[in-house]
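Scroll down for the structure; my scribbles are underneath it.
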Amino acid sequence: MEYSDKVLDHFSNPRNVGELTDADGIGEVGSPACGDIMKMYIKVEDGKIADVKFKTFGCGAAIATSSMATELIKGQPLEEALKLTNKAVVEALEGLPPVKIHCSVLAEQAIKSAISDYYTRLGVDPLPIVGPIKDTHCHAHFH
Amino acid sequence: MSMERFVYADNAATTPVSEEVLKAMLPYFREGYGNPSSIYQKGRDAAKAIRLARDKVARGIGAQPEELYFTSGGSEADNWAIKGVVEALAKKGKKHIITTAFEHHAVLHVCQSLRKHGIETTYLEVGPLGVVKAEDVAAAIREDTALVTIMYANNEIGTIQPIAEIGKICREKGILFHTDAVQALGNLEIDVKAQNIDLLSLSGHKIHAQKGVGALYIRKGVRIPNLIEGGGQEGGHRAGTENVPAIVGLGVAVEIATKDIQARADKTRKMRDRLIDEITKLPRTRLNGDREHRLPGNVNVSFEGIEGESLLLMLDLRGVAASSGSACTSGSLDPSHVLLSIGLVHEVAHGSLRLSITHETTEEDIDHILKVLPPVVEQLRAMSPLWENIVKGENR
Amino acid sequence: MSMERFVYADNAATTPVSEEVLKAMLPYFREGYGNPSSIYQKGRDAAKAIRLARDKVARGIGAQPEELYFTSGGSEADNWAIKGVVEALAKKGKKHIITTAFEHHAVLHVCQSLRKHGIETTYLEVGPLGVVKAEDVAAAIREDTALVTIMYANNEIGTIQPIAEIGKICREKGILFHTDAVQALGNLEIDVKAQNIDLLSLSGHKIHAQKGVGALYIRKGVRIPNLIEGGGQEGGHRAGTENVPAIVGLGVAVEIATKDIQARADKTRKMRDRLIDEITKLPRTRLNGDREHRLPGNVNVSFEGIEGESLLLMLDLRGVAASSGSACTSGSLDPSHVLLSIGLVHEVAHGSLRLSITHETTEEDIDHILKVLPPVVEQLRAMSPLWENIVKGENR
Amino acid sequence: MEYSDKVLDHFSNPRNVGELTDADGIGEVGSPACGDIMKMYIKVEDGKIADVKFKTFGCGAAIATSSMATELIKGQPLEEALKLTNKAVVEALEGLPPVKIHCSVLAEQAIKSAISDYYTRLGVDPLPIVGPIKDTHCHAHFH
């Protein structure tokens, strides 16, 4: 398996690790049995992601994609953050090995999940805005 | 990151070719390059080099040279042994294999794919300690059992199986017994005659020979069809121009690895025990597999709340090369079937670490591992939502 | 006997590892020894080295890197291709193979042993010139044909088969086409796409890489079961820890061998033609196999009244290493099945000599061969009761 | 295949090569199709093998065994020559590869055949003295 320098950089110096005690939305995806859990905390101000933190249990790619994804949405308006695709995360990381692509999907879903939670707390139905959160299965990478 | 020291603690995955082995191999690349089947001097020299290597490998496991066939490694040897025995005996109505749930994939996948040819396999449980019971083997034997194939020592958790006992049972019942001794060779005494072993697989790259060379021992009198057919090499039993340098190296490697096993094992075991004692002091950390019936260089521990691959990458950045589960399967995200077989739940299996050392590992290497490992575990736990839950659960 | 010069004229049997290849390999024995499946730097470096080698081999035959699987040599590749296709297609009722009578044993013996599994094989005649006719292939195709397997160039007499024509026929009829290109690689242009080749075997040691490494090309879309099952190496298609140094060497060897094929072939062909012209001036001496459709470095001649092995030994004593028939079968006393297939009678087949040269052979080497060969032939004929009878018959 | 130094010596400097124009007995065994023919010429004086020559078409071992066998019987009484076994020839050559053992059998038979011829020419039935000459088949080495 080959990781790009970018992946290794984000893995060894992950950005935005931690929690936000005053988060406006928290999302968690993955499962311990699958070996990947991502938890994202967002702080929203003026419709923008003012701050974001993550905690991840998972492989090197899971940590790197969490780090990169949070970097990519930090300071972005919510609608922009929602447009972040796993493909964009992969590209920003200069590629991921095929078996690790599912980590980028997980990162995309974690963000959506956190934004969903933000709308839910506001009393707004997130479904029309965020769409369904995909239930990423362990073998997502085989597809 | 500046690296004070690099400790290679993944010798169960593979080993560097030793100086002695490489030195023995080098003349066969550009000078002694003759084809061993050729009649002229250069060919005869190559044939002789192979003969001497075969003698050495045979001596290392108590076999006769004519009982040893060189292969491209442990996987080929396992495939050949199992498919060969089954093909030879299935036509006599023997269509049952006995193995364990935690064999190497080169054994398990073969058994699984033989199912579509009507071959049934019993996968014996190895219990929480990872040691199969000889009486379970005896109880599983049926009228139509063709083969018992049980590894000598497990590659992930290093547990040693009761090979001599199993061999005795099989011989008494007239059933062929194969053992994958890839991890045992050089670590444990092997005597195919005393242990009643009919077929045995070994691999060079775990004992400082080249990758891509190994051997299958087939006891005289046991006849199985070829896996690779063609030219008359290996007494007509394994076709393909012989990998002369690698075979020469394997001979030297086996000779070295099977000398002074006891002294080397004692030295290694002391370092291993220090690692186990210190590492298992960390909270929610456990040793996997039996502590006593264990390869002298194997440490396998699970850390709750963290995932193995990121642990390995962090350790690597700090100068420790180790493994999580078997290197052969690390392309996969499934948790190790070995750890599941001894009863670990998935998320704990994911957080496992295998350190495999040798007698050449130094106390300073152990110091280094023990220095860098605990903070890495702590750092990963600090960023783990799973660990957060575990700690919350404790405090609740 | 003092030896003025040593001429290695058996490059079709095997070749020395070249300096460039060995240089590329050396770092992977004692430094870059990581297991390519391992996650740490040393493992990733090994994986990268394999990826780059795969790219090189793929480029050399016009394939995609994902279509190439490293094996332990040409024999394994042949076995895998044929057994794999047959296993995949037999369950669909396709139980027929088309091949030639003069394939390498790694193909022939597989076809022969598949007979007991109900697979029928048509062995096409190659005629006195040793070239199969594409129309004969077309005519042999049946409803239940699973595979056509025809070698690119013969290893003993060097004759080149109409691969592109056969590929076209097979593609049109929707039948899989495998070619053993072990002898062609580096001597002839190979383009698996343009030539409609579905599977292709190659071997390293014929092109200055290590013995014990080769590859099988499997066109994307063709699915065959594994021959060696186990770990997830080679995309899950060929288990066993990769022979990293040998694979790296194979990459370099293919890169070098497939560069400037034309210029090298022209140079070699000139020397070959000089050998043929001079040697066939000897009485009762004939060239075996077509002169035009012939590997640039292959000379195969028969001398009536003498036996090949003693000829080789005499030549060796005078500094010429050559072969009689295929090195792979020289342990056997049966005359070459290749020479019989082109119609030679047994006693003439016994008296054959193969000289296989490369562009690195020199004119001085050719001089040397032409100096020592005729007196050796004469000497052996002088002690041959068979030659005595031949001469008597002439004078009668 | 490994040949002993003795085999290589007798192959490269074969003793007693040639024919005897005034031979008292000539024996020939083997067949061209099998790849081995040995022809032995003997000169008998006072019941002893006064001279012996051979011509051989065959492999290195065939030539070496012919050479060694002729050396072993030269000067010997006929009854001693008849006692020469292929095993004795193999031992004198310091061993032969298993696939080449049949060459030593051929040499033994060639001598018997020549002595047979000698008795026949004398008008004596050779069978009770020499025994039958074995018809060595091509695949003798597989036995």
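Labels A, B, C and D are assigned to the chains in the order they are written; within every chain, residues are numbered from 1.
By definition in this document, contacts are C-beta pairs under 8 Å (C-beta built on N, C-alpha and C of every residue); 3 or more make two chains touch, one makes a residue touch a chain.
These figures come from a predicted structure and were not determined experimentally.
Contact with subunit A and subunit D alike is made by B, C. Remark: subunit B and subunit C have CA centroids separated by 34 Å (rounded to whole angstrom). Rounded to whole angstrom units, the spacing between the C-alpha centres of subunit C and subunit D is 39. Centroids of subunit B and subunit D (each the mean of its C-alpha atoms) stand 54 Å apart. Looking at subunit A, residues 1, 60 sit in touch with two or more other chains. Multi-chain contact residues of subunit C (touching two or more other chains) are listed as 37, 39, 43, 309, 313, 330-332. The touch graph of the protein chains shown belongs to none of the named shapes.
Pairwise, the chains that touch each other are A-B, A-C, B-C, B-D, C-D.
Those residues of subunit B that touch subunit A in the shared complex are 1, 305-310, 313-314, 317, 330-335, 345-347, 350, 382-388. On the side of subunit A, the complex with subunit C involves touching residues 1-3, 60.
Per the touch definition, subunit B reaches subunit D in the complex via residues 37, 39, 43-44, 47-48, 51. Those residues of subunit A that touch subunit B in the complex are listed here as 1, 8, 11-12, 14, 17-18, 28, 32-39, 54-60, 62-63, 99, 102, 138-139, 141.
Within the complex, the subunit C residues that touch subunit B are 8, 10, 13-19, 22, 29-31, 33-35, 37-43, 71-76, 78-79, 104-107, 109-110, 113, 203, 205, 210-213, 225-233, 239-246, 309, 312-313, 315-316, 321-324, 326-332.
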